[in-house]
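Across the two complexes that follow, chain A remains constant while its partner is chain B and subsequently chain C.
Showing the complex of A and B:
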């Protein structure tokens, strides 16, 4: 029972973690990406289609990443080159991409909202011998797909990237002070575009982890708002990769717990509100703390 | 997210330019959707003609379009009111859910009351609950400078899940398997204007509010102060305007109108509250407010456009194999282009030449 919940929590964390790490980089670069969910949706669809066409999951992941990246690029260009407000553009992309996906499904496959294809190459599970038999530890480490491992590997990589690499430092400069960054000879728009494309790629992979990792079919509601949970995670983690990952894991646990508790008296709908409530509470707490610190200084 | 300068309409340019301005994003969106239609093997012009005749071809169809536009007028207005004060409220969708449930609850619980009492009571309940729903993000924004985009966005999901829980459990209609409240009393129904069309008195309420909004924005001190506060909060503070208080007031007003939109949808159209109550009226309202550039006439025309699209999109499915989703694509691209500075494309090109 407990092993099942832990295992499910790790599985449900992967898409949120991937998208959150992407959105985190995007936000460090100065763009709040409300449209992560639309990039996940594109990745989930194209990942599944390519997984069925080629029978190869690495190729499918590439396709998913590309699909997410393309949506990210389009969104970024609207924000950086046409100076459109990022929030509205994000909302617009959510509506438009969801419409496009459903339009595409009914035009190309004559189906309404669901796509089930033959011979879908699913993500393999990596079973670790011996460890798999250890309770708890086995559930944490064994039987997960490569994307899960990649997602967690990206957490320290993101820390290192932001703190130690030239590109990471430049991105932070661009996000914190675009004018100053430009004066130093950086190209803020270009770096922002890069960060949004990266967010799109990560969200595309997140979508693929749902469509060819968890379920093996595509459904228009497959993301179930996980792009927003990812948003909540990096807001909650205040742009720090490990804190963001911890939040993603917490939301993964909520998800697993809620699936487990369905029909047992714990209303799933109320559990679903928890991540969103937590974000509001944390933002409030942070603002209160900031105000108190300011008052003390004064 | 300190730098979102949105929704502050430009007041100093000549009026005719302001009238033409929204046409740019519209044309751009219709071109994008036209390309999608072409790629799927449809003739975009034929599809658009069909949409136009389905939306405005007869008095019955016009009534259906106006009926579909009613919630959008209200959500556009709710969004515009907050935008004007510089508060970026994306939480109107949530207000529709809580307001709709409040109106439906009153409508089926106090079924014994006469219509003259029950109907206003139900609408007031929607207004109050919708308004209270925006109290927390309004206070947080005004007093602690907490980003209202994030809080209102999160509150949407909370409202949707919370109401879904309520109608699945405590407020579920007895003997009903699906997530819905009991039907409201006949006395709580908004009277229909042109039966059998769903067009109801809610449309008149929406139009009246639009008129009040125009008067308020152009003729009253509060409307003027709100505009100043939205355009330049520092100047407003320097002129002695209490900007934080104004933000709270406008967020509450925005929530009240959003709640009313939900109440009217419940009492005029649905007759009860069901899970998945709003098909995104709150989000379309953002597009309406942006496209309408915050003016009363603009909001009306934009709501009419999206109402026509929603209404016609639903019926063309029966006559052609054009998927109804083309409406969503149009709506999303309008939102994107409405905030994009399309002029920059031309300027850039000229510079390059």
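Showing the complex of A and C:
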């Protein structure tokens, strides 16, 4: 029982973590990307289609990343080159991509909302011998797909990238002081575009982890607002990758718990709101505790 | 003193020839000529709105002249932008600092020209070695891992200057560099600039503070109303002659007569308050300001002045004590209530607190008075009445403007401050709390604002004056209260103490 929940928690954390790390980089570069969910949706759809067409999960992941990246690029250009408001553009992309996906499903597959394809190459599970048999630790480490491993590997890499690399430094500068960065000869708009494309790629992969990792079919509600939870994660983590990951894990845990709770007499719709509700409750509690600790120090 | 005539081999490193720039009907730069020679400090002096900022933008490539050219090494040049100017050795330290928050000082230093290894990783050792070398050059010692937002203002300025050197700039343009510095820091800056000059760099020093210009410059170009009115070597310049050239007339310093003080308007007793970090800033502080009296507060920044002002205006919380305005306890009242009882406040931070720069001048001029029945009936603003009121008010304070509807931010700093002064003195408040009332204002504006304060006092107004300009305090104040560490270390009446005595008290020395 507990092992099942832990395992499911790690699985459900992956999409949120991937999108949150992408959005984090985007925000460091100076754009608050509320359209992450739309990029996830595009990645989920194209990941599934290509997984069915080619039968190869790595190719499917590439396709999902490309789909998310293209949506990210389009959004970024609207913000950086046309000086459109990032919130409005983000909202627009959420609505537009959802509409396009629905249209595409009915036009190309004649289906309404759900797409089930034959021969979908699912993400493989990596079972670690011996470790898999250890209680708790086995559930944490064993039986997860490559995307989960990649997502967690990206946490320290993101820390290192921002703190130690030239590109990371420039991205931070461009986000914090675009005027100053421009005066020094940097190109803030280009760096911002780059960061949004990266956010799109990461969100596209997040979408694929849902469609070819968790379930194996596509549904227009597959993201279930996880792009927004990702937003909450890097906001709450104040752009610190580990804190962001902790917040993603929090959501993943309650998401797994929610799945367990279903079919036990409580209405499913109510149970499904649990992870979202708990994210609000826990983040509020942590913020209040932080404020109290600060007041005590002063 | 080295002059151009005596060293003809010197070349023009940066200059302007006939630079003209027009904005609509306004001629911001009218055939500006100047030549900054290699290895000199060249000062460009002018009041608010003289055209200095426009000229700087052109020299940075942010703006292009309508006619005329920039001279670089004696030849005409066009800069595509600040980065291009930078690449050709011309760098600028802006009035608002241009360091990126969230980055350390070291990261800011190397930004956009980082030493890296083969993997795009920043070579911290190499960066730090260069930082240490520059540090030695400047004769300072810095903690390079401090985040920018934790570094004091003068340290940030030094880092900006070092960054220009790091990037290989040999022409340094400094726009009002001393506006944010304490006197001792100004002296350090001047010493640093002299050193850089002696090493062969060229420095363009933009300022309206004549004492500093005279202390640092080799050559001085004075501009007024967009034109060069004089170009002269330091040796033939004096404070009075420069002031006259800058404003086109001779200003007599105001000489307020001694006045009899009346009833207490502000009575602070037993005030205790903490600073933003939560440390005790004031303990059992007492202060009285009477009608018809200007009381100055002198002190090195951060010795409790901010908390006194915050307590009186209601902008900050207090721990204990009583604050009375014309006999009425106001310690627990809101800002609006205090204002309606006759409190006025001239903020030291014009851009963030004093005015709303994006809003029209007219709205700025009635802010806080907008509830009065003559300007507003039943929650609806009376536009015509407001327009009439504002026009008359701003004319009385000689605010130079094209329209009352233009954004306050489009005015020069001096005119912005006039709008703030006009608004605060409108309706004859009982008490004016004036903080740094002439910060960033040119000589003519300073003179005007000083006269406003003196007239207000003569009409029976009470002024609590906080200023970092000692001369301003001495000129205006009937009494000066000196604070140190949140306590009063001395009080001097008008004409009884010199600057040295006040300076000694400011450093904690007890009154003799």
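Heads up, the rule we're going with is that the second predicted complex is superposed on the first by the 262 of 298 C-alpha atoms of A that agree within 3 Å, B and C clash if a C-alpha of one lies under 4 Å from a C-alpha of the other, contacts with A are read in each partner's own complex, and residues count from 1 in each chain.
By our rule, contacts are C-beta pairs under 8 Å (C-beta built on N, C-alpha and C of every residue); 3 or more make two chains touch, one makes a residue touch a chain.
In this text the structure is predicted, and so the values were computed from the model without any measurement.
Enquirer: Could you look at A:232 and tell me whether it touches chain B, chain C, both or neither (first, second, both, neither)?
Expert: first
Enquirer: Quick one: is A:183 in contact with chain B, with chain C, with both, or with neither? Answer first, second, both or neither.
Expert: In the superposed model, A:183 contacts chain C only, not chain B.
Enquirer: When both complexes are superposed, which of chain B and chain C contacts more residues belonging to chain A?
Expert: For chain A, the partner with the higher number of touched residues is B.
Enquirer: After superposition on the shared chain, which partner residues are touched by A:167: those of chain B (first), chain C (second), both, or neither?
Expert: second
Enquirer: State whether A:92 touches chain B only (first), chain C only (second), both chains, or neither.
Expert: In the superposition, A:92 touches chain B alone.
Enquirer: Please work out whether A:289 is in contact with chain B alone, chain C alone, both, or neither, and reply first, second, both or neither.
Expert: neither
Enquirer: Across the complex, what residues on chain A touch chain B?
Expert: 32, 34, 78, 81-89, 91-100, 102-103, 106-107, 225, 228, 231-232, 235, 267, 269-270, 272-273, 276-277, 279-280, 283-284, 287-288, 291
Enquirer: Hey, which residues of chain B end up touching chain A in the complex?
Expert: 1, 4-6, 36, 40-41, 88, 90, 136, 140, 144-147, 149-151, 153-155, 157-158, 161-162, 164-165, 168-169, 280, 283, 286-287, 290, 323, 325-329, 331-336, 338-342, 344-345, 348
Enquirer: Inside the complex, what are the residues of chain A that reach chain C?
Expert: Residues 164-167, 169-170, 172-173, 175-177, 179-186, 297-298 of chain A touch chain C in their complex.
Enquirer: Can you check the complex and tell me which residues of chain C touch chain A?
Expert: 60, 81-83, 86-87, 92, 98-103, 107-108, 111-114, 116, 119-122, 167, 277-278
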